[in-house]
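Structures for review follow.
Look at the two complexes coming up: chain A is in both, with chain B in one and chain C in the other.
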Partner chain A sequence: MKIYLNSLKLYFKSQLEYKKSFITGLLSQILIMFTYYFIIIALFDKFDNIKGYTKYEVLLCFAIIQFGFSITETFARGIDVFENLIIRGEFDRLLLRPKNILLQVLSSDYDLIKISRVIQAIIILIISLIKLNIKFNIYKIITISLILISSITIFFSIFLLMASYCFITVQGLEVKNLFTDGGKQIAQYPISIYNKHFIFIFTFLIPYAFVNYYPLLYLLGKSNNKIYVLSPLIVFIYLIPSILSFKWGIKKYTSVGS
Partner chain B sequence: MKKYLSIFKIKLMNNLQYRVAALAGISTQLFFGLVFIMVYLAFYQSGNNNNLPMNWKELVSYLWLNQIFFSLIFIWQKDRELLNMIKDGNISYELCRPIDFYKKWYATMYGERLSALLLRFLPVTIIALNLPSPLKLYPPISIMSFILFIISMIISSLLVTSIALLIHIIAMFPLDEKGIMAFIMVIGDLFSGSTVPLSFFPNFLKNIAYILPFRYIVDVPFRIYSGNISTNSAINPLLLGVVWLIIIVIFGYILSLKAIKKAIIQGG
Partner chain C sequence: MSFINVNHISKTFKVAKRERGLLASLKSFFKREYIYIDAVKDISFEIKKGEIVGYIGPNGAGKSTTIKILSGILTPDSGNCKIGGMTPWLEREKYVSNIGVVFGQRSQLWWDIPAIDTFDLLKDIYNLSDKEYEETKNNLIKLLDIEEIVKIPVRQLSLGQRMRCEIAASLLHKPSILFLDEPTIGLDAVSKKIVREFIQKINKEQKTTVILTTHDMSDIEALAKRIILIGKGRILYDGNIHSLKQKFGNIKNINVDTKDTIKKINKKGIITQKKIDEGYLFQIDTNILSISNFLKYLSEITNLEDVDIENESIDDLIIKLYKEFSI
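Then we have the complex of A and B:
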């Protein structure tokens, strides 16, 4: 863990050397994200609900997904662009070092500019929670914490699974965008608004529904079933095949040379 | 003119090779098309929508066309080759050649966009036309509107190429393109109507969008197709689109001459 934090610090320092570039990067990220939120806000100007969900409920739903995705993009970029390590043959170097491989991959790259997305997501999240006037008790605090952790977990697992696939193909996988960007697109609205095939895929195959649908039902008071409090835990099961396949990939790994 | 046409043709032929990448593009476009449509469908089914700016048929066609023509009309397509040349100084070779910088890159970019479109649009269109009812792409409302749609698409594609090239030329000045490019691209994306149809914008933003050139890329052609802009009232926006095209091409051309004069060649 110390290595990870250390290299994060170094990366941060190197970024600050290019202050102007860093700041324009941050600003443009804020602008990009603004357009995402703008879509939702603009549509709720014309419609007052979507299948019974109001503006702030949808914004909350969206902010949760953005939060997890942006954190993973910022701090786990090493996994996101893992194919580069493989293509350039740099992965061999990591194997030689007597430290945990996954940790080294994580430490290999960051994308701190995306931190502005995390901050934006947190702001929208807090605004929505206040506007929705949610009465917090111990259960709801547990729910929201589990939601946020599972949101990070789900993207981390997907990134890791796709990285494992690089061991076989060397190239990154284009389909990945369907699972991450596509999933993100889907999960920005409560999953119940979609057609049942989509719901099936994004409940059982890739469990977005357990991140921001079932637990949200409880949080928003749409259901009193306490089992929903713990529903985000299902996402953690998804972590197992991801880690196993990554380990399996390392075993199978043959260098591309150079 | 002949050499630029052949640059265009080479680029077109070259990119038509990338069929596997196109397959990924096709599945992504179908997927996103369906997702967007389902979201709007859920909105439309949620009641009290008496004063909506577009009826369902118009909207669903708009959304499908946006996916089908995505590779032709998206503004933020970066030309890595050109940007790398600017960064590593190889642009100096480019300037030695006896061909016009602006025309060459215009032809290149147009060829790239067109080849990307040719590889993708047919399968997506066929599938979209044959989907079950609320999700399907409807045919254009009349032959006249279809003809006007084709004309507007030609203007749109020429315009978007001129804007994309202009952004690349601007990037030659400060040498760090990321900030300014991201800015124009986000603004362009938003005000072209490709994220949300402009008709759904709040009024003050719609007014801004109507002043800017970006709406002639997405908003105008797709609304002509579905009849949301009637054939009678289509002439005006089409002419305005052409005016914008001329302005941006001239501006881009002059700027390219300036940029070349001032060009700082990075590295040796």
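Then we have the complex of A and C:
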């Protein structure tokens, strides 16, 4: 962990070498994200609700997914751009160091510009929670905490799974976007607005539903079933195949010529 | 038992076969054919503690693959290897804290910040205590003369300066084995000299075992007494560089300065005769024609102003070796 934090410090230091680019990066990220939020707000100018979801419920859902995605993009960029490590042969270097490989991959790169997205997501999240007038009790606090943690976990797992895929081939990584960006785009809205097949996919194949559907039912008072409080924990099971496949990939690794 | 024991190591890579043309590319997109390349085949050698070994061979001979296997990056398909009692690819984390690796073509330093910051990070990676870290670091900085250099962002350094920092970074944890993969590639004469002298020094003082791959034969001449020659994945020669020279050192280059014109001499033992600026360059085989006989004959037919006798360069020697083994 110390290594991760120290690397982060170094990364920050090297970012400061390019001050202007860093600041314009931050600003442009903020602008991009605002357009997303504006689209939702504009949508609700025309319609009162989408399949029973109000403006702030949708925004809440949106913020939850953005939060998890942006945190992962910021702090786990090493696995997001893992193919670069393989292509440039830098992965060899990691194998030469007496530390856990995954930890080293995580320490290899960051994307601090995306932190602006995290902050925005938090702001929207708080506004939505206030506007929705949710009466917080201990259960609801646990629910929202687990939701946020599981949102990070699910993206971390997907990123890691896609990183493992790089061990097989570094080409054709478009499939990666299908799961990360594509999945994110869909999951930003409450999953029940889609048809049944989607709900099946997002419950059993990629468990987005355990991040922003089942627990939200409880949080928003659409259901009183307490089992939904702990439902985000299901997402953690998803970590297991991701980590295992990554380990398997390391074993299969064949390096590149020099 | 030797410090490094390599026994019958083989490694095969599976490579997708590609043919020319768009159609073939399209075809291979759907149905790939693979060819298998033996990167290293049945390699065995032993290295004693404190030895410097030059590991040489043409491009694609399997040098880097061997280094990668020995350093635990790759797992061989068959064979085994014990280094300091450990099998590199099985006990990776424990093993690698004992080795240092410098890849001449790849950097391990953070690009945008001074090298000293990377050093600090390595301190944590290798779990070094403050005291031993400071001591080793200061010593390396002094030996490699990088006091000022380590404070400049790496991207602003020249290649030679950077390479010195790379070497320092690889030795902070005082490894007992140092792998150098083309450490002098692209360096100027001064930097080369610093790097070589440094390698000699740590080998002498800390008994560091050094395995060195290079295409620069003067590196080998300056550093290694023993060379292992590899070609097409097999070991072709393993032994003393001196005896190699004796075995193949029968060729001499003789540079003759004269104003006269010498016609083509038909004599056994003369391999080539070339007109150059001030005279002629002869290459003779001393097993057939001795130098004194050659000069005697030459002085009879022409007026010699100056004669320069050179051993065949080690580069030519290596080329000859490659030829002999047809690699």
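Annotations for the structure displayed:
Basically, the second predicted complex is superposed on the first by the 257 of 258 C-alpha atoms of A that agree within 3 Å, B and C clash if a C-alpha of one lies under 4 Å from a C-alpha of the other, contacts with A are read in each partner's own complex, and residues count from 1 in each chain.
In this text, contacts are C-beta pairs under 8 Å (C-beta built on N, C-alpha and C of every residue); 3 or more make two chains touch, one makes a residue touch a chain.
Every value quoted in this text rests on a predicted model; they were computed, and no experiment measured them.
Once the two complexes are laid over each other on the shared chain, residue contacts for A:236 go to neither chain B nor chain C.
Chain A has more of its residues touched by B than by the other of chain B and chain C.
In the superposition on chain A, contact of A:50 is made with chain B only, not with chain C. In the superposed model, A:25 makes contact with chain B only, not with chain C. Once the two complexes are laid over each other on the shared chain, residue contacts for A:7 go to chain C alone; chain B is not touched.
Once the two complexes are laid over each other on the shared chain, residue contacts for A:139 go to neither chain B nor chain C. When the two structures are aligned on the shared chain, A:90 is found in touch with chain C, with no touch to chain B. Of all residues in chain A, those touching chain C in their complex are 2-3, 6-7, 10, 13-14, 17-18, 88-90, 92-93, 95-100, 251, 253-255, 257-258.
In the complex of the two chains, the chain C residues touching chain A come out as 13, 64, 68, 71-75, 92-94, 96-97, 99, 101, 103, 105-106, 108, 110-113, 117-118, 120-121, 124-127, 153, 181. The residues of chain B lying in touch with chain A in their complex are 21, 24, 27-28, 31-32, 34-35, 38-39, 42-43, 45-49, 52-53, 176, 178-180, 182-183, 186-187, 189-190, 195-196, 200-202, 205. Residues 20-21, 24-25, 27-29, 31-32, 35, 38-39, 42-43, 45-52, 174-175, 177-178, 182, 185-186, 189, 193-195, 198 of chain A touch chain B in their complex.
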